[in-house]
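To start, the structure under review is shown below, and the notes come after it.
Per-chain residue numbering starts at 1, and chain names A, B, C and D are given in the order in which the chains are listed.
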Amino acid sequence: MAKEKTAIVATGQTHHRSSRLDVNGIELIHEAVTRCLEDGELTIDDIDAVVIGNMDHFEGINYVDTWSIDGSGAFMKPIIKVTTGGTTGSTVGHCGYHLVASGMFDKVLAIGWEKNSESDTTAAITTAFDPIWDRLVFAGAISGLAVEAMAYMVKYGATEKDAARVAVRDRKHATNNPYAQLRKEVSIEDVMNSPMLSDPIKLLDVCPRTDGACAVVFASEQYAEKICDRPAWIHGISAKHPYNYLGDYDWEDRLPSMQMASKELYAKAGIKEPLKEIDVMELYLPYSCAGLSWIEALGLCGPGQAPKLLWDGVTDMGGELPINPSGGVIATNCIGATALLRISEAAVQVMGRGGKRQVPDVNTALASGFGGCFWSDVTLLKSTKPK
Amino acid sequence: MAKEKTAIVATGQTHHRSSRLDVNGIELIHEAVTRCLEDGELTIDDIDAVVIGNMDHFEGINYVDTWSIDGSGAFMKPIIKVTTGGTTGSTVGHCGYHLVASGMFDKVLAIGWEKNSESDTTAAITTAFDPIWDRLVFAGAISGLAVEAMAYMVKYGATEKDAARVAVRDRKHATNNPYAQLRKEVSIEDVMNSPMLSDPIKLLDVCPRTDGACAVVFASEQYAEKICDRPAWIHGISAKHPYNYLGDYDWEDRLPSMQMASKELYAKAGIKEPLKEIDVMELYLPYSCAGLSWIEALGLCGPGQAPKLLWDGVTDMGGELPINPSGGVIATNCIGATALLRISEAAVQVMGRGGKRQVPDVNTALASGFGGCFWSDVTLLKSTKPK
Amino acid sequence: MAQKQQDQELLQYESRIKVPYTWSVGEVGSRFLMELKENRKIWATRCPSCDMVFVPPKKTCTYCFSDIHEWVEVKDEGVLQTFTVVRYETPLIPGKPPYIIGIIMLDGADTGLVHLIAGVPHDKVKVGMRVKAVFEEKRKGHILDINHFKPI
Amino acid sequence: MAQKQQDQELLQYESRIKVPYTWSVGEVGSRFLMELKENRKIWATRCPSCDMVFVPPKKTCTYCFSDIHEWVEVKDEGVLQTFTVVRYETPLIPGKPPYIIGIIMLDGADTGLVHLIAGVPHDKVKVGMRVKAVFEEKRKGHILDINHFKPI
């Protein structure tokens, strides 16, 4: 399916905040787009097509693609809107990639955004459950995540403290990221003492609500190196959305969709030992316990071994495989942008443009997206061109 | 952009009704998909990828792509959901076309559907207007269309009776279509005597609300003729969505987006005299007056000359260029399916599978989509393979 | 709610999605609305590249993607480009039908404004007639601080 | 609502989108809900090809796209696969927090059922415990005709 070698050549993002009253959604998008074009020394005339995404019911806007053209610059350009819930940002990224890799366009602008301050996120998320069966009982995202954490902890004996270690890492990393919303270190005790929301998830275990946007330019081989001296080449993507109802999920296993997606991705990219071969990961971890079971799903260690990896500092800045140098989702969660930010931040690491959050010598980076009913999307980026 | 020659090789639709309480949305979709697969003597295993669309706020379902897999058969297949308002069905069709024409997939199932009985369409449509500026004043689709009809009638001296002639034609044609929702002939007097909704639009001038679905299979050259003995080859598409706010529209002209789209399409396909060269049209005419000004935009006649064309019977069955043999949108309007039905019905005409609604000897057919803020999509299909 | 089909009840599940929203108007839109409120004036922005005057104001030009910084006042009167008399009822609109919706091109503007037309019998409204804004006495920074436009 | 930024008021427009919905349950789902209502029984459908037993019932198999016609009764008790004690408040859920949400694999079913767990102190709920449906006295053909599941 991928005919053209494709790379990310420019990225841009807003300074993320809980509420940006000074701009409407269109103007927020414009900030990320402008920064992205500046990063690539491009103008809007260089862009052949645009893909945009958010969770449109969060803002109650139903024609986001056309509604946002003053922000995206897409007036009379080909534009497509995609929305897949939490995975929206990775779907946007994968769509942008496909639009170039298929040979349709040479330079595609991919935009993810959310203005979470504009609605009650819990009310809006609840409408994503099936109205007859699941919506009456489940409300919002947290309880759906909590049941997964509970199943993992019971099966593998992981503790709330182990999970807290993930929150401590991500929140510490966020202090290096000038764009992050929450930039305050917390201790294990702080996390443990924060209010319980839905057992075993506490307030400091979970992501905030954010106003923010992210933009990325994908370019074909013909243009990539002209625009960027060290492009982040896409070496593979995989998207697995195997569930629909919570009742269909396999509680005995650790994020099967991520196991399927990463296995497929590693096979495509020839990766045998992800912990050794990948230099940095930007993972969509909406709550701390995901930072345990999901990295097992990614094959970084065996079942139940993630807590040790965490406590050993393997995933910290300076460790063997730093995870979320940006601070991740627990620090910033403008939902439709969140998974695109993972791809964007992975690209920033490959390009070497990470500033204080840069991991040294990144050649290979992995980004993930998460959403809906335990779905996973993954993207692998490298500094070298695919064969 | 189009590398692979692409054809429609199978179509299917539900029997459309105002309310289908015996099925939920997923099961409704399943009916159209099953009929489409049967039409092409295909199984779901033959399908490489799926594109689906509806106006998701009409049903309050936010993950239509995954939610509907039991209906679409897309479990673990590549699937994308697209939504662009009234044009959703043509966007679905164009997306399905691009997925084959780009070389990404060989056989793509495109699905449009709506269960309009599940919500208050006017309330839901209103949320498609910008919340700060337009939503407070405009409500629903009818008043937005009425202002366009008013401007055309005033400028060109067309009358409500001229418009009624369009409704009479489409409602008569619908009696030939076993799938149509409204299959009852009406007279000019019936239309003129029906209640005024929003000057100059009366009840019998406008489309109903419908529960229904439509499915189409697009196939590459390698497969098309194996699946279908007379495939409907796509010779060109064009989508023009130039407006966003009603205030930006050019009331002095007749549907500029359709003028732009058809001009581009005719240039691609080498069509000089559309009235002579095209054998049948399936047009998204949501209200009768559109059947006047929009066929002028399509270049069938000069400004203000459409009423004469209508009264002369040129667009009736048996006329030089029959429009809407299916009965069109005024007879059936399952919104997310509506514009895909136009493409599907155009394909049916090219394939010669129209039964009582078949126009003899169709080699060239045009389908249109309409939506949002006076947007137009067009698709040209022929019985001959593109060069 | 249930409907019988042969011997099978067909259920419908009735509900109502209620989601509260607080849309950010943003700096540019807020300035426009505050001018309505405080000064009964209608301000627009003008694109430095293509000279388009936008009402409501835009921060970026739709047509050339230029940043817009210049504000210009437009008149509170203009030409009625088109209209309709809405005669159907919907719970979403302030006021009972029949009422008139119009598109007004204000003097000095390049984009039309969607608003209500009143103070005139329904059969006297004409495309091309001049209309003028009628402001609310109590204004709150809202597009409906203009109650309607009336013919002049 | 307004917030001051330097000398500029920043407005927000507050509203609420209320759209009424009537979702069709369909023949298959209606039969399931009517069995809850009339007979306090939980029925499922079984795929003829892959033998999966679906609760709630499906008309088509997710996994192999087969049409499903066979109905089988499953037990009103089963195993609690996982759960959480919800402690945050939201207007959308019946009942005040804290309350327990669980996923129950009913005996005879192959898919879990999302439902409420009650009749047990919060610190006594355990993954793997057996639970049984407690039906409402007045039932209306609704998933909440089962009030909750209680440990047995």
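What we mean here is this: a residue touches a chain if its C-beta (ideal position, glycine included) is under 8 Å from a C-beta of that chain, and two chains touch if they have at least 3 such contacts.
Worth saying up front: this structure is predicted, and the values here are computed from it rather than measured.
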Chain A and chain D share contacts with B, C
Whole-angstrom distance, CA centroid of chain A to CA centroid of chain B, is 36
In whole angstrom, the CA-centroid distance of chain C from chain D equals 42
Within chain C, the set of residues that touch 2 or more other chains is 5, 10, 12-13, 15, 17-27, 29, 62
Residue numbers in chain B touching two or more further chains are 21-22, 24, 57, 60, 69, 75, 123, 127, 131-132, 244
Contact graph of the chains (line, ring, star, complete, other): complete
Listed in rising order, the residues of chain A that touch chain C in the complex are 20-27, 30, 44, 57, 59-60, 69-71, 73, 75, 115, 117-120, 123-124, 127, 131-132
Residue set of chain D touching chain A in the complex reads 3, 5, 10, 12, 17, 21, 23, 25, 29, 55-56, 62, 81-88, 90-94, 101-103, 111-116, 127-128, 143-144
Note: in the complex, chain B contacts chain C through residues 21-22, 60, 122-123, 126, 131-134, 136-140, 142-143, 146-148, 150-151, 154, 195-201, 244-249, 251
The chain A residues in contact with chain B across the complex are 1, 3, 24, 55, 57, 60-63, 65-67, 69, 75-76, 80-85, 95, 98, 102-105, 127-128, 130-132, 240-244, 372-373, 375
Given the complex, residues on chain D that touch chain B span 13, 15, 17-29, 58-63, 65
